[in-house]
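I have a structure here, written as structure tokens, and I will follow up with some questions on it.
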């Protein structure tokens, strides 16, 4: 009989070693943007996007991975967060609230939207829930795209520009600054900001997962009827999942708006929801580290391909045989397929998913 | 009234297109409870192949209907092969994997199919040669074209054929049996793999027909055309109750009509000038003959999705979907 | 494989140590729904760069070898900023692009910080140049130049009483439709409530039926040809007789392919002078090189790239800081007519050409400039007379074309 | 007056044309083991589903521990003190045995998001208590050494016992067991019978659906027999066993003799 | 019975994800026999049947049907060789009607007239099914579903019928009925392998029996002998 050990047990085995490991990782993460900047500042931006997506993936993981609710409209919460920030810190309404004030507002509003989405859909399962959430995502986007008349709220497809960059304690995040003799570019500053937010998000995720709430999510994912019979208020617990997931999206959206300084509804299309979902599934649903890895991987792979496809072709054939962007997309698509074929439960499956998979005869009668 | 009738015809045609694509989703879903997210791409390939053939033969002197038929009969086998390949490569190995795994491979295959199509047929919007003369008929003041009529009829015929196949033939019964319990179906002597492959091929053939329909009705094909169409059709299938043949039909037609009526009437329904006492400030502008609508045709998708959500909230397994009561 | 092989560069490098490589970036979507336009834009810029290389331009006394770095922004603002940074990292001297306004705006923040000039050949949203960035330019007309122009032409020439307005709910489509609406209303013409589809809509019948109810004499659609074609076709199927008019996004020959005979008589506008008018040379070269017709904005990106090169040549430097002033004050006869920038970086006195679909091809009918409409033939004559010595190459072949 | 824990009055439930339950009334006394038998499709499981709020009754009233439980949602019913097991085992199959029982503690604990995220003292204490109690319960049903196994990997009989442990974790007054002995052999059934008796001794009232006549007759004080949704007999095992209608509908024509054969 | 066995299982081992559920068992069944397999929960009875019908691949050993090696064959091909199974939990097709379920049993056959005759036979064995012919199988009660599963299995005219716990969850009356039918099938010459928890009943119905314990066969013999074997009585008959 296989014995299950919670993941934390491995780390706990030797606290000293664990701390050394953590310290090493911390140093590596702090040094990372400098290393990346050596190759090109673009890589720092890519890293930032990767972290942003990791935040989104962590949020979606609560809904999909923990609670087992398939959500295809997750990007809507990202959009809500981004628009909250944009409306409260741009010339559009002439409001310029500080970053640390808007972020919680964005999280709260996104959270409300999460409940709004969750409430009518609680009875739906699986693919039906997927389609409703998808519809919800589209509804939010269409509203953002059209709330420009009769009263101009979102400025419609034109988007909102000149959004305030993050500014904390007088430090502007969009310009290059100096710490001692070290030049720290805008993207680098955002990297550290994002990293801190990500770490907080991971800690929250881990703590939620190993809590009474986390167990309740697992229960409804495994068997909703049994969960209800065990006294779990599934309505509340599902709404909580939607709300928590949505707040992560809202926060990520706010930071996104600040980094881009321009947002428009076309950034919040269905494909983005699917992308985030792919990160969650491909990384390993339910496993926090897997999900983060999935986000980082799917953010980096296309960019790495962008940098390598053309040179590789040139080296091999002396010229581009097939257009690089076509190859990039083909390889990306194939990579998605290949990973799932070889690791159907994701790259780093959670223990629970692995067990699901081990049940080889999933639909054998009783 | 004319306008209403016109909108109804508009919606029915659009809905018929959705319905045929939705049938493809439903066939596959019906048998392995899998959303074949790459079905839209199969439709696209169907349109593209037909485009190539029809363009080649456009000036051959053959009667236009013959050309379209030849185009369709070339598109069908190609799509069937694509459908079969999809099943073999992306779905069969994952039959026992967690539910979301095939979703991701489907997305991957969609990307691949799109970009292969882009290599073959270029990035451009391809204009279908308009070889079939559009005849417009006047029905009680509403204009309907010959192509529209053909589309709606074809859609009904296809559904009828599928219903017959699924409920009256041995293949159909064994397909449904496989859907409900593949292993026990195997114990009855059903070759499940073959059965599933056939279903994919049938679904893909429907996709091919849909592709030709879309291409020749709208006159345009593009390597990404499948995505949105697939999405809408998928919604239609769910609306009707996914896995259910008449459901796909009803869902498709309904979605088409909802969209048309939505586009046609949301503006009127939310005309602020209709309730002048509510918005006194707008009185002057309204008096000038302006219509100030809160929402307009731009919200037709919202409208469609809201109806979809409302239907699902009231009937959690779609309009005609079997309510599989979760027995405790 | 349309890319040029580069063995020549390798061979030339050791022989002429005096050469410098100047990188010019081009960005547009090469994948996604409007990838064909992105490729078209890239081709335009590539043509300019190849021509410059063939011309053997010398900068700072060295043989300048221009290298076009083409990137795919997927029409996605996120990707756009990443790619922008990649080009900045690659130390490009200037940028041609991006295609979409929505991507151009955030990307220009990055170019602005890096001080690298950027010229878009297709971003028409006013916001692109409204933020006071010194390095942001465009050679295409703004929505608020083009929209009023086509509206003026429409109201002056066709005298409609009621006009229906449809757009595709994109920044471009809605933007230009808004401008058209403003101008029409100012002219006292009744405008029906705005109808919208999306940039992927192919079934317009519901929307058109609604518009039909208002009995418009003319309809304007803000959107691209891929959606405009079906729209036009379906309007005729619904028995609509109104004149249909479009902005530059749908001002292509594709319209007649997509709409068939229904396209006949539609009118549309393009910023600048049409290639036929300004430079047949461009058309021929493009066709010769890529074996296809330019689709839409290629002449503009061609001009944009040429502008960068011309400014560098004039400043005798590829250093952005040095050639930027030259660029800002440049006066250049391009494939789309004469180009000068105003202080915002927009094209000064941009002409807008009005086309009419005749026999399946769009043909220029009038040129609008500063609110004044001139018949195309008259304009060509006047231009030929006035500028014969200055830009013969530009005007002469155009005249031939116009006479056909 | 005897202490009646559950009183059901005129319960009815229809599915389309099927009268799954048709005016069923009965009462269960505190600390009893109450049997519910009847042919397949008689409505036994449906009765459980009404009781635990999974279905709502078309008619009838249910009084539990002095208050009504009509129309309560399953989780509220559980909170009131009714726990159940399922005919076709519904464990959280991919979770560990221990986790399954810990989830059972959900309804008696209260830590929320705040507590989880900030790991407050109170939350940590509560977690420790949950885990300790779960281990105790596993020990109680004899699964102590299985705590870390995955629920699905347990043999049938142990899965049944785990379901009981999970149900007990909710601290019920009434434990409703739906065919807990299905698929067990005689020896295992006997052990299960002992467990049920012990649960009752420890103060929990038991409502038992079972087709194993020997087991039912052996441990129940009182038995209700349903057929086609109607109650056809009620009483002590000896009487029920001799009831003509029960023999006809359920036990089989050969009467007592069949019981021997069937066990 | 001196002929070669109809079914011969030799050295069979089956594993689920590395854990062996069957650890090498040998047994055979001769034509016309009814053989019972008893054992505690999780002993591996179902797994044995699954391996025979090709639902799980064995990791070792061989299975021969009528002298032909069928190890690792797909289940649909085995049906054509005369094998049929009533799976644990019945496995009716819930959304198909009773008639369609019965028709599925004859999936491999083409002789319309004969099929009609067999449908008749099944309906006369289980009159209840005739009453419910047009009802979806999912709405049948447990006992009716069990009858349907048996009737359906008979439709392929099997030579070897495998039954997995046919009495599970059934009311005593129905259990009697089901066993009566099994006996009548056996009288018609169908070879039967019966897996049962209700050891008493199973041993009374069968000719020979095997006892499976933790994946190994520990006792084999005549059913009547096993009924009186004290070890068997203690472990499986609850005495």
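When the chains are written out, they are named A, B, C, D and E in that same order, and each has its own residue count from 1.
Just so it is clear, a contact is a pair of C-beta atoms (placed from the backbone, for glycine too) under 8 Å apart; a residue touches a chain by one contact, two chains touch by 3 or more.
Source: prediction; values computed, not measured.
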For this session: Count the smallest number of chain-to-chain hops linking chain B with chain E, moving only between touching chains.
Result: 1
Problem set entry | Chain at maximum distance from chain D, centres defined as averaged CA atoms | C
For this session: Considering only mean CA positions as chain centres, point out the chain farthest from chain A.
Result: E
Exercise. Taking each chain's centre as its mean C-alpha position, how far apart are chain A and chain D in Å?
Worked result: 43
Problem set entry | Mean-CA-position distance for chain E and chain A (Å) | 51
Problem set entry | Distance from chain B to chain A - Cα centre to Cα centre, in angstrom | 31
Seminar exercise, completed: chain A and chain C have mean C-alpha positions lying a whole-number Å distance apart equal to 36
Exercise. Taking each residue of chain B in turn, which ones touch at least two of the other chains?
Worked result: 115, 118, 181, 183-184, 293, 296, 298, 301, 328
Exercise. Which chain D residues reach two or more other chains?
Worked result: 52, 54, 86-87, 90, 153
Seminar exercise, completed: By the touch definition above, chain C meets two or more other chains at residues 30-31, 169, 194, 196
Seminar exercise, completed: Listed in rising order, chain A residues that touch chain C in their complex are 40-42, 45-46, 49, 145-146, 148-149, 156-159, 161-162, 174-175, 186-187, 260-264, 266-267, 303, 306-307, 318-323, 325-326, 328-329
For this session: In the complex, go through chain B and note every residue touching chain E.
Result: 170, 173-174, 176-177, 180-181, 183-192, 322
Seminar exercise, completed: The residues of chain E that touch chain D in their complex are 19, 38, 40-42, 139-144, 165, 168-176, 197-201, 204, 234-239
Exercise. Mind pulling up the chain D residues that touch chain A in the complex?
Worked result: 52-54, 73-75, 78-79, 83-84, 86, 88, 90-96, 99, 102-113, 115-117, 119, 123, 126-127, 130, 146, 148-150, 152-153, 166-167, 169-170
Problem set entry | Contact footprint of chain B on chain E as seen in their complex | 53-55, 74-76, 79-80, 84-85, 87, 91-96, 100, 103-105, 107-108, 152, 156
